[in-house]
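Going in written order, the chains are labelled A, B, C, D and E, and every chain counts its residues from 1.
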Amino acid sequence: MNRRNLIYAILALVLVTSPAYLNAYWVDVLNSVGLYALLALSLNVILGDAGMYNMGHAAFYAVGAYCGAILNTQFDVPILWALPASAVAAGLFAVLIARPVIHLRGDYLLIVTVGIGEIIRIALINDVFGITGGPNGIFGIDRPEIFGFRIRRPHEFFWLIWGFVAITLFLFHRLHHSRFGRALNYLREDAVAAEGSGINTGRYRLAAFVVGAAWAGMAGNLFAAKMSIISPESFSFWESVVVFMIVILGGAGNMAGVLLGTFLIIGLPEMFRGFASGRMLVFGLVMMVMMVVRTQGILPPGPRKFKFLGLKGEGGKAS
Amino acid sequence: KSIKIGLMAPMTGSWASEGQDMKQIVELLAKDINDKGGINGDQIEILVEDDGGDPRTASLAAQRLATQGVVAVVGTYGSSVTEASQTIYDDFQIPQVANGSTAVRLTEKGLKYFFRTCPRDDEQGRVAAGTLEKMGFKKVAVLHDNTSYAKGLAEETMALLKDKGIEVVFSDALTPGERDYNAILTKMKSAGPEAVFFTGYYPEAGLLLRQKMEMNWNVPFLGGDATNNPDLVKIAGNKAAEGFYFLSPPVPQDLPAQKAKDFLAAYQKKYGAAPGSIWAVLAGDGFLAVTAAIEGAKSTKPDDLADYMHKKMKDAQGLTGTITFNDKGDRVGEVYKVYKVDAEGKFVLQP
Amino acid sequence: MFLEIKDLHVKYGNVEALHGINLHVNEGEIVSVLGANGAGKSTTLMSISGLVKASGGSIVFDGMELSKMPAHKIVAAGVAQVPEGRRVFGTLTVHENLKLGSFTNRDLAHIKQTEEWIYQLFPVLAQRRSQLAGTLSGGEQQMLAIGRALMAKPRILLLDEPSLGLAPILVKAIFKTLQEINQSGLTVVLVEQNARAALRLAHRGYVLEVGRVVLEDSAENLLANPDVQNAYLGGGGH
Amino acid sequence: MSLLTLTDVTKTFGGLTAVGNVSFTVEEGSIVGLIGPNGAGKTTTFNLITGNYKPNLGKIVFDGRDITGLPTHRIVTLGIARTFQTIRLFQRMSVIENVLAGAHCRMKAGVFSGMFKPPAERREEREVLELALAELEFVGLRDQAENLACNLSYGNQRLLEIARALATKPRFLILDEPAGGMNEQETERLLQLIRKLRERGITVLLIEHDMALVMRACENLVVLEYGEKIAEGPPEVVKKNPKVIEAYLGAD
Amino acid sequence: MEEFFQQLTNGLAVGGIYALIALGYTMVYGVLKLINFAHGDLFTLGAYLGLTLLTSLGLSDHVGPFTGASILALMVMGLVAIVGMLLERTAYRPLRESPRLSAVVSALGASIFLQNSIMLIYGAKFYVYPQDVLPRTTIEIFGVYIPLMRILILVVSLVMMAALYLFTQKTRVGTAIRAAAIDQGAAKLMGINVDRVIMLVFLIGPALGGSAGLMVGLYYGQINFTMGWIYGLKAFTAAILGGIGNIPGAMVGGLLLGVIEALGAAYISVAWKDAIAFVVLIAILIVRPKGLLGERVAEKI
């Protein structure tokens, strides 16, 4: 327990100091990892915690990104101010589209979410409502500003993105250890038993989608701010698949695992650059091998620990 | 000490053959210069990054080049791919010379470090509309593939056609990467166009031609510059490709300049075949423009290079002719020509 | 000896569940295996059938060493099991389930005849012939599981708590049936929580405790044994 | 006062009438047994009461309130809890987490208080943890609290199901074959537990094929056959009912 | 009206290919509950192997076009089946007891691996089948043009479906496959060699995928190493639409998806056709949550 925390602390320290000795390229890779980590953590709520097969997460990411981009380019809202709007837009979108399909099970939900992702992408390409810019997307998004400081370079984005990851980890960790987090796990393990224990499974399914979507929406906003141009290609089916793989490979339901998974799936291919055109081949192979070796994911979740100490009827038994 | 110049090209993905050609051409030109002692005494080193023909891969490739100390970047092919990398190079203040990206928008953003050796789609649209008018069609169908280049060109052309009183009886987008376009062809056929203008890329164009033949539909097809690739004929087959018109800057074998002829001979000698399309050759032009700027400005500083190319460079020698850029970074001059595929599958320049 | 288990060890992951079981069954016998929850009764049956692999020891059935044999061959050799939790094929019909029971048996006439016999034994199943097994009530599924095992024309039948969830009248019926088929020559190994009924039926019995055999005796002696009475027969009885 | 009343409840699956026109009442504070041959419709009746199935016809009234067709979680919140015939625990979660599932419907915290943990949330968490531990103590699984549910023995899993149901603070508890797979000694302990439930004021409806247990635990029995009620009354009377003997108990 | 029927036949041709791929998908899914994302790449492999064999053997010159194509198909199916079996051994078998989605990720890894292997072996460019391997006749009925190849595609899919259906429903081995699909342990207790059953399924599924690849090569002529991704996704959609695990469902789903796409393109918009198809899919699943022919056993509680 303590040793684990020590390892986490060391890793966090390595990460925080990394901009000091990495060049812009590698810092940018880290930024990419950070954005995917946000996405994966948000998907983890839906897929890992609640066990709902969502392979269309890019849809929520897209809604958030476009919401931010449109507010910024059309209405001159500073991009970071649009963050709550992106969250709300993606969350509302989740309420709208998830409600009718939430009762679908397993692979049926999976293909429906794939479908939703594709519908969104196609709608963006075809310039729905004339505000998405069609295949060109939206360009000229302002760089974000914090306290008058304009963020441009990878080294600057690093702090914005990873700061947001840190906040997310903190909040999601608490959420996991709350009534809400537990309810999602019950739902995942056995929906009938959960309902029979008095949990409104329908509502929690939806709530998981909304929380996950809202967070993906904010990740989308940061993505738009970083790229300063967004277009439908950035929200393809493949993006959803990548995030899906991250969650499962890392250890569905465990945030440390998801984070590790992000480093592996987003960071590793960069390290394989030495293999030139064979690098994706190596990547595919590595994924198969990792899954076969760690069949539950690299860091599968364990049961929650509780502090029984000091509770009524506890004769000082430590746990 | 050597000067590093980046090349960003689709080495994988559906346009991989274009990327391979780009690399070979630029490397051959670089060797030529190095053999002659380099520029201002410095040798040139080419760093190649794969953009996969995909915008997301491209933005990573751009980051990577930008952090390896290149003084300028040549590339890339498709407009949407280029667009994803533009701001990154701009942030790092690295001049970029695109070779195939014709979308109008790219040079309308006022980016100081962006140039291109290819023409623009507004010119292409004009030539397309003019050609359709000259051939005497009154009703045409316009089909694109929902990429930013293809859609832009389609819209550009349709606006011009309307001005000329030519009716656009059908316009829609297909999904690239599919195999079966019969549904679209059937729908288009029933709209009764006298000609079809397809603004997408060659893999789809080949399939369209072939399937059109199979449904016994003999409508003339005109393609945009992205159909200019010999693979088109391979995919469609000679019979289906025969009679297909397309727009393009002059294809390699039609280049008038002696420099081009010599270079192509050397290329043929080294690699065994001529470059497939003009776009790879335009990457060579981009490289030559950069080296000319380094030589002329006697500097590798980004601002010096950009200034030189914008203002001082006049009629630099390129493979496809002389190179001059305007304030926006566009190449000066009219270059679009009409080609037709003959029975052997050769591209024949139309008068 | 018909079935002989010697020093059988079984591990689940790193945890050993059986620590050296010795047990034998003579041809034509009914042998009952008793034991508290988690004693290893089901594990023993599963390792006979080859679904869990022994980490040590031997299982010899009619001269064949089973512990290294794949499960499907063991069944073909004449070992059938009614598994714990029934495990009927939920999305197949009752009829198809029975059909599968006879997978290793290619004697069509015999298959038909046995199926009819099973329908006589459990008339409910006949009514539900083409209902999906998953929608049967718990007891109906249990009947189906027994019927399915009988379809294999086994030489030895392993039953894991066959009375679980059955109405008293059916428990009686099933135990009677077991006696009958035993008398017609089938050897039976019976794991039961309903220890009293099981011992009344059996010739001999074993008592398992945390992965070990702690008692082995004739059924009458076990029934009379005060330890057994205390632990498994609910003290005084009724 | 009757706590639960079923009036002419009917449930069909395709052409099969699993429960037909069944009516009975359960008095507050009593222990009632529901028995009958396999496939008689007992579990289905339970599922109708708990809202897992919706009846085709008929009415179910709990504590003066019509609960027919309400969703399960609403019914649980109103005070009806259950265990399942085939064990349905959250197998890969710990024993204490399983019990906390039951406590869920008595809690208030939502997403935001989960994230921001205001004092009220912390207090609530502590309270339910205490409640859950108390229920584990009650069924005798206190020392297993941090074990995984799947590592419990079968009998203990059944007890854990009861603890989870109790954590919903029910007034009415429905047990579906709780003694299945238990040996006689364990069954005896279960009987004690059921009696203690009544002392806590919880009304119990019990399906069980272990007649010894049913006879000793229940003060009233309802007998189903082919989905219909064929007898009702105190155990000693029902036991001698020829219809019940023929259909269910069998002659000795 | 003519146009409608023309579009209908267009859709059926596309749908026939979807169906053929979906059959393999559903077969594997039925037994392992595994969404074999590598299936699309086995399809691609079929197309490439077909091309290699076609150009190197020149079969049809010796034995006539149809016999040649049939022999070719058998060879392709055999080879792809072997690859499928190896895949099962290495990437899926070790994951049989683990959470379902782990195997899905392994399958995605396998997909990436296969796709890039093909790229490294053949290169990234488009390949083109020789034209006129099979007679490219087009027949015209009441103004509707139907290339013979389309009829061939449909017939092959239908025959495969019927054969598979009869095989799984009526034969001993077929029933064993279905039993293994439900509960492998219980199937073993019936004396079924579960490993063999799964191997068999992993021979049949990929073989079907491979044959579809060959068919696409022969009919459309142009192949490239990424094409399996889209086809795989479409086929998976088709399988779900029909009710995954259900063999006639795969057929119905495939044909229906093809027709929806064609009619959507014809009467609504070409650019939106995939979105339209997904909207229809979602609508159907809302009404029938287990697909058109999927089994609807209420879960017994």
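The working rule: a contact is a pair of C-beta atoms (placed from the backbone, for glycine too) under 8 Å apart; a residue touches a chain by one contact, two chains touch by 3 or more.
This structure is a prediction, so every number in the text was calculated from the model and none was measured.
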item: Graph distance between subunit A and subunit C, where chains that touch are linked; value: 2
item: Neighbouring chains common to subunit A and subunit E, by label; value: B, D
item: Most distant chain from subunit C, judged by the mean position of its C-alpha atoms; value: B
item: Centroid-based (C-alpha) most distant chain relative to subunit D; value: B
item: Centroid spacing, where centroids are CA-atom means, of subunit C and subunit D in whole angstrom; value: 30
item: Distance from subunit E to subunit C - Cα centre to Cα centre, in angstrom; value: 43
item: Subunit B and subunit C, separation of their C-alpha mean positions in angstrom; value: 76
item: Subunit A and subunit B: spacing of chain centres that average the CA atoms, whole Å; value: 37
item: Interface hub residues of subunit A, defined as touching at least two other chains; value: 125-126, 192, 277
item: In subunit B, residues with contacts to at least two other chains; value: 11-12, 146, 173
item: Residues of subunit E touching at least two other chains; value: 119, 124, 269, 271, 274, 298, 301
item: Chains touching one another, given as label pairs in label order; value: A-B, A-D, A-E, B-E, C-D, C-E, D-E
item: Complex contacts: residues of subunit E adjacent to subunit C; value: 172, 175-176, 178-179, 182-183, 185-194, 295, 297-298, 300
item: Contacting residues of subunit E [partner subunit B, same complex]; value: 3, 6-7, 10-11, 13-14, 119, 123-126, 128, 131, 136, 138, 140, 145, 147, 216, 220-222, 224, 226-227, 230, 261-262, 265-266, 269-271, 273-274
item: In the complex, subunit D residues that touch subunit E; value: 13, 43, 47, 52-53, 84
item: Partner subunit A, residues of subunit D touching it in the complex; value: 50, 52, 71-74, 76-77, 81-82, 84, 88-94, 96-97, 100-102, 104-105, 107, 109-111, 113-117, 121, 124-126, 129-130, 133-134, 137, 145-146, 148, 164-165, 168
item: Subunit E to subunit D touching residues, read off their complex; value: 298, 301
